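Each of the two complexes below includes chain A, the first together with chain B, the second together with chain C.
Moving on to the complex of A and B:
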């Protein structure tokens, strides 16, 4: 990205201050923003044009509260500031993005960065929110007190003050003004010098005071490792230096914030006026985070959400269904002269991709609501409620963002485990993330709801089933986490640190963008993976075509009319196809779950990606019906499907126990190639990925079997 | 072989090759510890990087 001679500007700041929003405004890119911490976990760069026409490389970084970096995402920031990224120098200007409603705490990070001696620009963001809370900030005065470091007041989301940022960064690049460093008490200054000397002696390189401070104050070995100071070599000098600090009456870990905050309070004297009024948030949270009402509200909101998704999507789904049927009929009539191709296009591609695409409206509406809940700040609270449960069972306090993201898709969830310091706690969280009900499970749940639960029990129970499936994942994840953290990984419990975002009016632009992103994800999957797989599934279900099969069926059923005979011929062909034979030979494995051979192949074909089940069912049912017999949609075809052999012959395949067993199977099974690969990458070994795969698949089978067997007994 | 069979065979082989290539790319990208594995997040990632 960076061209030779281009200046590098980095965005640093506390989590959730609007760094990514500002990054997007300055570069025109569309990085993900979200109203909770931990959304950005890796560095991202883009090009930004400054007020003087100069083009610079702008880098968006994860958020952090202090340079005492311990978690992998925080280390990314420290590495960027120290210029320890491969082929990179130190940044030319650091833009510290602050939240105007909490300037003091935000400037603590700026004061730490000041010690590194890097030119700085202070961007005080979210001025709109500060104004509504009655907070006023005197930018020029702050700039004056900071030795002329440019200070910009802005509202990144509203786009106010962006030009001023472009101007301030240009000024910062020219002036190179630095935030004034603090005057350390003598004891600390001496201790820092002692550490620096010892480190220089051992590592044979200059160790600036800023690094020596980190070595002195921090418990995490980030800097020591970065400069290659071994644990044995540093132990004694650091301990002695800390003793020096202690003997002067200061407590080493507390000394740094104490000194910084004392000075920052002086600097901010008269700069920040007015007091924050946050009574509304407190009152609302008293209910939404209440021990009993909180979870009840959450359940009610989820029920309402799924209910509205089903209700609102009904009509558009019917339109898409009609569109698919029309395309199928059109393709079929157009390709009569080439029957094989006709079947490939109509039954295979249109049948398979169409069955999947019908769920687009539901996905759109689902993500519209999820986006609203996220942006308003409620989602973080819902996660907070869940998180109480998880921290009780030993997971890290920071596990909540990964688990929350996991509800949309496991991949970003796995990536955001990088915010967790303790590698063991990271691993335990990564292991539980795939249990969260991701949106790829939605189509099969929705198909089962629309085909069986809705028509028989109504919309309320449909929503209950959906909420239930999300709860099942959680219910299994909790004991899993418990066993992992207590007995296998032996994770030390971490202090619970969580800053809840404030409530805000959802921003239509962000919400719609999120919906759009997810919709295009869905459609692009339909156009690539699902599309390609339908060819293969069709071929395996169509071939071989032995004319003897047709003759035998015709001979066996002389008294039927032509159409019935044709349907039986098609069914017979499918049953003796490669897929049919394979499915039947594997079916005994899934027989205890109540799956017939078609469900069995559906389940097996879905191991690369769980959405494939819907298209596979679409193809097997469409092929088995006879090509141009005015084919019904998948849902009614499934409702009419009957067992063709065994003890359950001629009874419907899809009974409530089977439907529930299938849903539970998909709730728990590890059917996502990308998740397995990402888990392997984040855990650093394929062993954990393999363990997760085996564990989830086994659990899925056991739970599905239990549900089917118990269900069949009592219903 | 008739036209019907030829076209069908070609289409299926193309799809199969594409799937194999994709599998290969997934493993490749993951081994180098970067890139999306072609699953969720891929399209979103591309969109985010586009102006």
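Moving on to the complex of A and C:
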């Protein structure tokens, strides 16, 4: 993105101050915003034109309260400020975005950044909110007190003050850092020097004073680990330096904020006027966090959310389905002269990708709700309410958002685990997110329920099965997290400190943008990964095509009509295809679950992406008819399917135990390539991804076997 | 002087000391919860933990065990609310 010679400007600030909103306003790009800490989980850069026409690279970073980084998203910021990112130098200007309603606390971070010696611009955002709360800020006075550091008052969301920011950044680029730095008490200054020396000696790299301050002050070893100073090497020098500070009557971690806050109070004297008036937030919280109404409201919101995802999505899903069917029919009739191409386009491409796209409305609705809940400020309250229920199994309130997103798709869920400071809870959350019943599992549940449970046991049991499948993953996830955090993960716990932002009206622009982004990711997945898998599965099921097979079948069944013969020919082709042969040889593994070779083929083909199961079953059972979850052909073909060999010969394959075993298998199995890859990336090692894959798959097999075996005995 | 976790919802007081050895406390201090600061327990979460605190114009939540090491001087004019009934 950045061209050589372009200056680098970074946006830094507390969570929720409006950095991403300002980024969007300055670059014209659209970056996700939300009234929930951690909405920006990675850095994002764009080009911004300054007042003097100069073009600079602008980087949006996650929010943080202090350079004493604990969580990975905080470390991203510290690394960026220290120029520790590969191929990147330190930023030329740091724009510290502050919330006008809480200037003192926001300037604490600015004071820490000043210690790094970086040129700075103070952008005091949300001036509109400050005004309604009766707070006034004297920008020029603040700039004067800060030795001429440019100060801009703005409302990024309203677009007020953006030009001033462009001007201030241009000024900032021409200035050196003027933010008045702290004169540390002697004992601290000496200790910092000692630590710097020891760290330089051990790590063979220059350790500037600001970095040494972090090593001295921080209780979490994040920075020490980042510069590669090992625990053994740093233990003694750091302890000795802290002793030095203590013997002078100061406490190292407390000294830093005490010194900064005392000085900032003086600087802000007369800059901030007016007292903050109580807002509606207090009154709303009295209900939403009430000890009886709170959980009730929470339950009602969650019920409403899931009801909407299923009920409201029905109609648009039916439309997409019709569109897919029409396309398929059109493609089939258009390509009737070339059977192979017809099969590829109709069964493979349109069928497979179409089955996937049908779930787009559900994804949209879920993310619409997540967006509204985040932007209104409720999500932090949900974390507050849920923390108790999560903490006993080692997770925490912040696990709630990843797990909820996991019900749409595991990928955004995994990405949002970065906001969890506690590495233990973060890993455990990432490990459990794939168990949430994502929308890709929905097609197989829908097919099984509509084909077998509904017709035989009625609509009530159909919905029970549906709900049950969504709960089963959660039921397995909780003990998994418990075992993981208690017995396996040996990492130190980190604090659960969560700010409760004030409530605000969700802004339609932000919410819709958020929804749209998730949707486009989903659609591009359909266009690439799903397309590729469907193609491969189709090819493996279509080839080889030896004409001798067709002749043999025709010879064997002379008395049948043409249609029946054609069906048997297709079946014979599938059976001797590469996929058919492979499925047959692997079938013994899945025999205890009650799966025949066709189901085995479906299960195997679904490992890269589970949503292909329905179209694969369509290929294997419907004899090349290409099917989807609503297709009556596929349902009746499956109802009529019988075992062709073994002790169960001529009995139906799809008995209740098999149906349940299949659904349980899909509820628990790790069948999503992108999830495994994302997990590896988030957990920082392939070992975790591999462990998750093996664990989920083994668990799926065990549960499916148990269900089938016990079910067959009882029924 | 009492531990912050002993304060009932509605009660407030001045911070006397924090346990500076822990990362939580360092985070709290960065947020402005320093000795001398007035802090109020706004409420407990519906299931008993964590607690919501307000100080310096912000509201944050904190788990009970993490609040235990923070010592508070209860303000003289602090209301003494009825202890919450066990459900």
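In the analysis below, the second predicted complex is superposed on the first by the 405 of 715 C-alpha atoms of A that agree within 3 Å, B and C clash if a C-alpha of one lies under 4 Å from a C-alpha of the other, contacts with A are read in each partner's own complex, and residues count from 1 in each chain.
The definition used in the following text is that a contact is a pair of C-beta atoms (placed from the backbone, for glycine too) under 8 Å apart; a residue touches a chain by one contact, two chains touch by 3 or more.
Because the structure is a prediction, the values reported are computed rather than measured.
Peer 1: After the superposition on A, what does A:675 contact: first (chain B), second (chain C), both or neither?
Peer 2: first
Peer 1: If you stack the two complexes on chain A, which partner ends up touching A:218: first (chain B), second (chain C), both, or neither?
Peer 2: In the superposed model, A:218 contacts chain C only, not chain B.
Peer 1: Check the residue A:70 against both partner chains and state whether it touches chain B (first), chain C (second), both, or neither.
Peer 2: After superposition on chain A, A:70 lies in contact with chain C alone.
Peer 1: Given the touch rule stated above, what does A:504 touch, chain B (first), chain C (second), both, or neither?
Peer 2: neither
Peer 1: Counting only touches as set out at the top, which of chain B and chain C does A:147 meet: first, second, both, neither?
Peer 2: After superposing on A, A:147 lies clear of both chain B and chain C.
Peer 1: Between chain B (first) and chain C (second), which does A:518 come into contact with in this model arrangement: first, second, both, or neither?
Peer 2: Touch partner of A:518: chain B, not chain C.
Peer 1: Which partner does A:532 reach: the first (chain B), the second (chain C), both, or neither?
Peer 2: Touch status of A:532: first partner only.
Peer 1: Considering the complex alone, what residue numbers of chain A touch chain B?
Peer 2: These residues of chain A touch chain B: 28-32, 337-341, 344, 408-412, 438-440, 516-518, 520-521, 524-525, 528-529, 531-536, 538-539, 609, 672-675, 677-678, 680-681.
Peer 1: Could you pull out which chain A residues touch chain C in their complex?
Peer 2: Per the stated touch rule, the residues are 65-66, 68, 70, 101-102, 104-105, 108-109, 217-220, 251-254, 256-258, 261, 276, 281, 285, 289-292, 294-295, 384-385, 387-389, 391, 397, 494-500.
Peer 1: List the residues on chain C that touch chain A in their complex, please.
Peer 2: So the residues of chain C touching chain A come out as 18, 20-32, 34-35, 42-50, 52, 56-63, 66, 87.
Peer 1: Name, in rising order, each residue of chain B that touches chain A in their complex.
Peer 2: 3-5, 7-8, 11-12, 14-16, 18-19, 22-23, 26-27, 30, 33, 36-44, 47-51
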